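I've put the structures underneath this note.
Two complexes are shown next, each including chain A; its partner changes from chain B in the first to chain C in the second.
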Partner chain A sequence: MDAILLAAELVFRVDTLAAIFMAACFGLFVGSIPGLTATMAVALLVPITFFMEPVPAIGAMVTCVAMAIFAGDIPGALLRIPGTPASAAYVDEAFRMTQKGEAERALGTGLVCSVIGGLIGTTALVLVAPVLAEIALNFSSFEYFWLACLGLTSAVFIATASPIRGFLSLLIGLLIASIGLDNPAGTPRFTFGYAELYGGIDFIPAMIGMFAVSEILRHMLGGVKPQAGVAAVRNLLSGIGRSIARYKVNIARGSLLGTLIGALPGAGADIAAWIAYALSKKFSREPAKFGTGHVEGLTDASAANNSALGGAWVPALVFGIPGDSVTAIVIGVLYLKGMNPGPTVFLMNPENIYAVFMIFFAANLLLLPLGYVAIKSAKQVLRVPRRILMPVILLFCMVGAYAINNTVFGIATMLALGVIGFIMEENGFPIAPAILGIVLGQLLERTFVTSLIRSRGDYLAFFERPIAAGLGVVTIAIWLTPVFIMLWRRHSRRQAPGESA
Partner chain B sequence: MKINDAILGAVLIFLGFAVLLYARTLPDMPGQDIGPNVFPTVIAIGLIVFSIPLVVTGLRKWPTTGAVQFADWAQSGRGRLNVLITLALIVLYIVFGESVGFIPFGIVIVGALLLLQGVGPIPSVAVAVVVTLAVHYAFYSLLRVPLPWGLLMPIAW
Partner chain C sequence: MKSSFGLSLAAVAAMALAGVAALPATADAQYPERPITLIVPWGAGGGTDATGRIIASLLEEELGQPVNVVNRTGGSGVVGHQAIATADPDGYTIGVATVEIGMMHWQGLTDLTHEAYAPIALVNADPAAIHVPADAEYDTLDALLEAAEDGQLQASGTGQGGIWHLALAGLLQDVGLAPDVIQWVPSEGAAPGLQDLVAGGVDLVACSMPEARALVEAGRVKSLVIMSPEHDAIFPDVPTTEEAVGSTWTLGAWRGIVAPAGTPDDVVATLVSALETVHQSDEFREFMLGRGYGLLWAGPDEFREFMAKSDEDLGSVMTAVGLAQ
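Up next is the complex of A and B:
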């Protein structure tokens, strides 16, 4: 109980609340500008959180993402351009509604579903995380090794269309993670005599590069695109109550699905929205209406992408394994703040954990009024030209990358990873596995080496403890699925001609 | 900017072999099976193995796609030039930023990028000056990041 009061004291302070409010406005703005993603919003926020206390810093990041994910719906509905990838799944549905003159209903439904989804995701986080932390207290390096493997594996297989490209992306991330002194042997690797590389690749410039600079380069390559005009939005919340009541099953289903997918490492809000939309259509009583501007198509997916945010924090807080790219950044910040994620945080600093929970609820409740204002002012925000914004963002990125250690080396890191990220995305290599590789590389190597030292080189020891064995079997099963699918296809192909004969 | 898979695969295979060779130079840990060379070696082998199918599919597609394909919206040479200039400006800042200073260089970067995208000269300069001074104020004065003064050292505030 004391911890909860302490947490409330940490959250309900002027500086924390001010940070949350400003991050909310920032998130709504960035989310509603097409081409600027929610992850980019967080990456841009990191250099500023660097100068904050842990709780306001986390509060700012949580709020910023929740707002940005919702705000992505706004240009989706009004211009048919998703503001963030998480809104892409239902952008056609929402825009068709706008064409039918129902923009208000589309955005209002999206807002309320986002809030409900976010609250359900948060509730799941609050209920599940402490229980899992209790179990995780008994975890040894064997379990952590398999958890890291499982996280990286699901990032490669679930989140990507092409596992080969996913694997290569992951390997690039792991290679970046192995730079520097920070390995079990303490041997400098890939430093080539540069003292700056001894500490490894700094996480924050790397994130800014991969998520912001790559986007700026893409924009510069595309040149100037004309921006369409936007109609003003009128009475927003009329008739929302009826749609919510009618589709409450959809919202609940989307929220639970979103929470689960969010908790899977590497898969985040955007994938949750795609799967929720597909399921919604499959189980709908009127599937033919999907794609024509049917409000049911928005309910599942709008709830799913916001609930995924809470879900992603479960493995991040409990195991230090990020559930999506945003929590990957958050974990980097937590380490910087000395609040290393893991089950011990729940024991040693429970007030920090409760503070995170409170901020999650506050951010989702705040979404309702602020989201309303954002929809109302959409016309003005969407008029801000991207060709002015992009150079400003670049300057901001450079200062942010510099500010971490006050050396231009940070800018060089940002530039290198920006170019790598740009080439990867342009050629269909998913970014998420690389990010997870950078975050989890050291954990993977350390747990592998310590486990082998403990077992004196016996590989079977990786399967001796029950939970480690379970995680190991699941991981290996996922690795083998492509092989099985290939064999099965070959088998059925061989049978097909026999049947026709 | 779609680069043919064969080129990407070849670059990654080359990277894999370079890492493999480099890992051999890392010292062993006395009395231990797993030295600091094991992890990079595994990564290198992975890079080589998974890049082979990339090279194969790339070579098969080569006759239709060629070495590099640009999306429809990136057909103009102008966009490619813009990307190169943006990269060059960042590199120049890394090299000369300390001596020239943040404010002059920041104005050049923002102004140049605005001009490249077809913003008029007067609004470009105005936006560049205001934005650079605002970022400088936020980070130098409020957050105490020691951004370099460079040429403006005599009038530093």
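Up next is the complex of A and C:
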């Protein structure tokens, strides 16, 4: 109990609170600019934390990430440009809502669900971190292989209208992911001897290109339907209470799923959002409404990506193994501040770790008012005429694409993939599966190859471990479902004429 | 991995501050008169990134100009090392070179070698170590090597042909075993490798002590040997290769600061003296020792020789174990 009181003293101090507040504003700003990710926001904070006390330093990072992940929804909903990869799963849905004049409902629901998801993820972190970490540590390449398959399957089979087109789109993404040197064999592929390509195609410029640049191209060619007028400004949170009450199961499911996936090192908020969105559609009573601007999928996915943040801290704190790229950076800062990750972190200086937990809760609650203000001000974007807005967006996109690696190559990647994305969409191919292919392609290949190396070529090994077997069976069942449905239909059709004859 | 937009914002702010602070002191145009870029060839969050960032923030105080860290990642370090080598040799772009500069050209990935740089200083080296699960049946390297003889063991810790793979293969060869008697399972780095070790996926992991520290302290992993002539500062009980198996084999990763070849001597001299102050500062020592990173200092000439020797050693081991092209 003493430790908790000490922790409260550490949190409720002017410098800590000021650091949290400033980090929150910074996170909202970075997250809402397409291409600037939560990871980037944290990396930028690192040099500043050198000069801070441990608790404000970690608190600033925690707050900054929570804000950035939510803020990624804002340009996604308003402009169809996801601010961070974690928002990509439901960007189409949110944008459709904006087109129907429901931007506030989309963002307001996203905000509230993000807060709830964040709180649930944090509660799990506080209460069951050691247990969860044990589970997460048992994931080896076999389980990750199936998880990657499951993520890709969600994107292709469930989240899109036409699985065949979704699958082709995915293959384009996987092809792009195979470029470069970072494959298990360490062999350069499709690099044409060009050093920049050794690094492969980074998915941030790819994502900005496919979503944003293709949208700008479409606008230039006059293919965009005029936007529905901005709905009369009303209370952002009105009517959201009803959505929350109606979809409380979705929110709970999304949050738990997000926490679990977030706790796995190597899988984070982006995969969590995809699988949550797919699950939402699968179990929905109104699956046909998905993709038309229906709020249900947003509740699952927004809760999932924010709860994944709490989850990612589980293996990081307990075993020093990063749950995502953000915690990878945070671990470095933890060492720097003498809060060495490991079970000892709970024994030596427990007040510090309790203070960090308190900041987790505070950050998620702070998200509510600050997110509200951010949505209110961002909504003005819709009032700007598109011919002025589009060049400004292009500028921001170029900054984001450049910032990933500080090279013009990022901008070239963005433009090239923008053209590819435009051609794909004009021909009815969804781009979201391609993005997930780029994000997960390396994980898929690496886990497949290392699993086979480990099993010395024995494919049955993919089913030998219990969790791997479970994930594998579920994945294959999803793959086979369309085949069975087709066979069953053909069978009943054949029977029907037989009976009449 | 990511950085820069906000960094440039920070740079502008810092420039304004630095400008105000520097006004009364020096008005003449002496190096450095504008911000410096420090290229890190590895991703944000890793050890090289952390080292680069602390050096940058301390150099900034010494030089009175912002030092911006830029992560140029990918291609097993090729992309970033190339970017340092091809930058204008004016002292405004410097970078962190890592042990991989002596490996990638042997693998046929690039023509780039250490000769493309003007060395400034070597700042750190971390020897390789071997880690096994805490409940493994072997307590010594001898027992592990004995168990390895029938070719059933698997190891991880980095990608195929990476520094820790080489460390293990070299050790095996040095004690008279086939360098590939322990099968290498490529991983994306030490952390995923260690996770795999704990998950029961592989039998041993080769990586540095600081990388394994949290799991060692959590009692999940034990270290059998450190491939160095000296003991680790934080884990002095881990035997050296000499003590464990009587082998003189040592190998480790190192990090140093370099500028592109052709950088003027006076600029290099300014950087060397600033870096030396940084290296001796309490902040830097505390940071490095706090994370368990080995401190090492070698000025430009010594660093040049060090890189040449490292290159040669790595080449002969890589050829011997079949990792060179």
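Please note the rule applied: the second predicted complex is superposed on the first by the 272 of 501 C-alpha atoms of A that agree within 3 Å, B and C clash if a C-alpha of one lies under 4 Å from a C-alpha of the other, contacts with A are read in each partner's own complex, and residues count from 1 in each chain.
We adopt the following convention: a contact is a pair of C-beta atoms (placed from the backbone, for glycine too) under 8 Å apart; a residue touches a chain by one contact, two chains touch by 3 or more.
Just so you know, these numbers come straight off a predicted model, no measurement behind them.
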| item | value |
| --- | --- |
| Which of chain B and chain C A:A161 touches, first, second, both or neither | neither |
| Greater residue coverage of chain A in the superposed arrangement, chain B or chain C | C |
| Touched partner set for A:V399, first chain B, second chain C, both or neither | both |
| Partner chain(s) touched by A:A288 [first = chain B, second = chain C, both, neither] | neither |
| Which of chain B and chain C A:V46 touches, first, second, both or neither | second |
| Which superposed partner A:V408 touches (first chain B, second chain C, both, neither) | first |
| Which superposed partner A:N427 touches (first chain B, second chain C, both, neither) | first |
| Which of chain B and chain C A:G332 touches, first, second, both or neither | second |
| Chain B versus chain C as contact partner of A:I216, first or second or both or neither | first |
| Which of chain B and chain C A:G199 touches, first, second, both or neither | second |
| Contact residues common to both interfaces of chain A (with chain B and with chain C) | 184-185, 399, 402-403, 406, 449, 453 |
| Of all residues in chain A, those that touch chain C in their complex | 26, 30, 33, 36-37, 39-41, 43-44, 46-47, 50, 137-141, 180-182, 184-186, 188, 195-196, 198-200, 202, 204, 265-266, 315, 318-322, 325, 328-329, 331-332, 335-336, 338, 340-344, 399-400, 402-407, 446, 449-450, 453-454 |
| Of chain C, residues touching chain A in the complex | 1-7, 10, 43-47, 49-50, 53-54, 56-57, 69-76, 78-79, 82-83, 107, 109-110, 154, 156, 159-161, 183, 185-188, 191-192, 194-196, 198-202, 213-215, 217-220, 283, 287, 290-291 |
| Residues on chain B engaged by chain A in the complex (per definition of touch) | 1-3, 5, 8, 12, 15, 19, 22, 26-27, 29, 32-36, 39-40, 43, 46-47, 50-51, 53-54, 73-74, 76, 78-80, 82-83, 86-87, 90-91, 93-94, 97-98, 102, 106, 109-110, 113-114, 116-119, 127-128, 131-132, 135, 139, 143-147 |
| Chain A - residues contacting chain B, complex | 48, 51, 164-165, 167-168, 171-172, 174-175, 178, 183-185, 187, 189-190, 216-217, 220-225, 387-388, 390-392, 394-396, 398-399, 402-403, 406, 408, 411-412, 415, 419, 423, 426-427, 445, 448-449, 452-453, 457 |
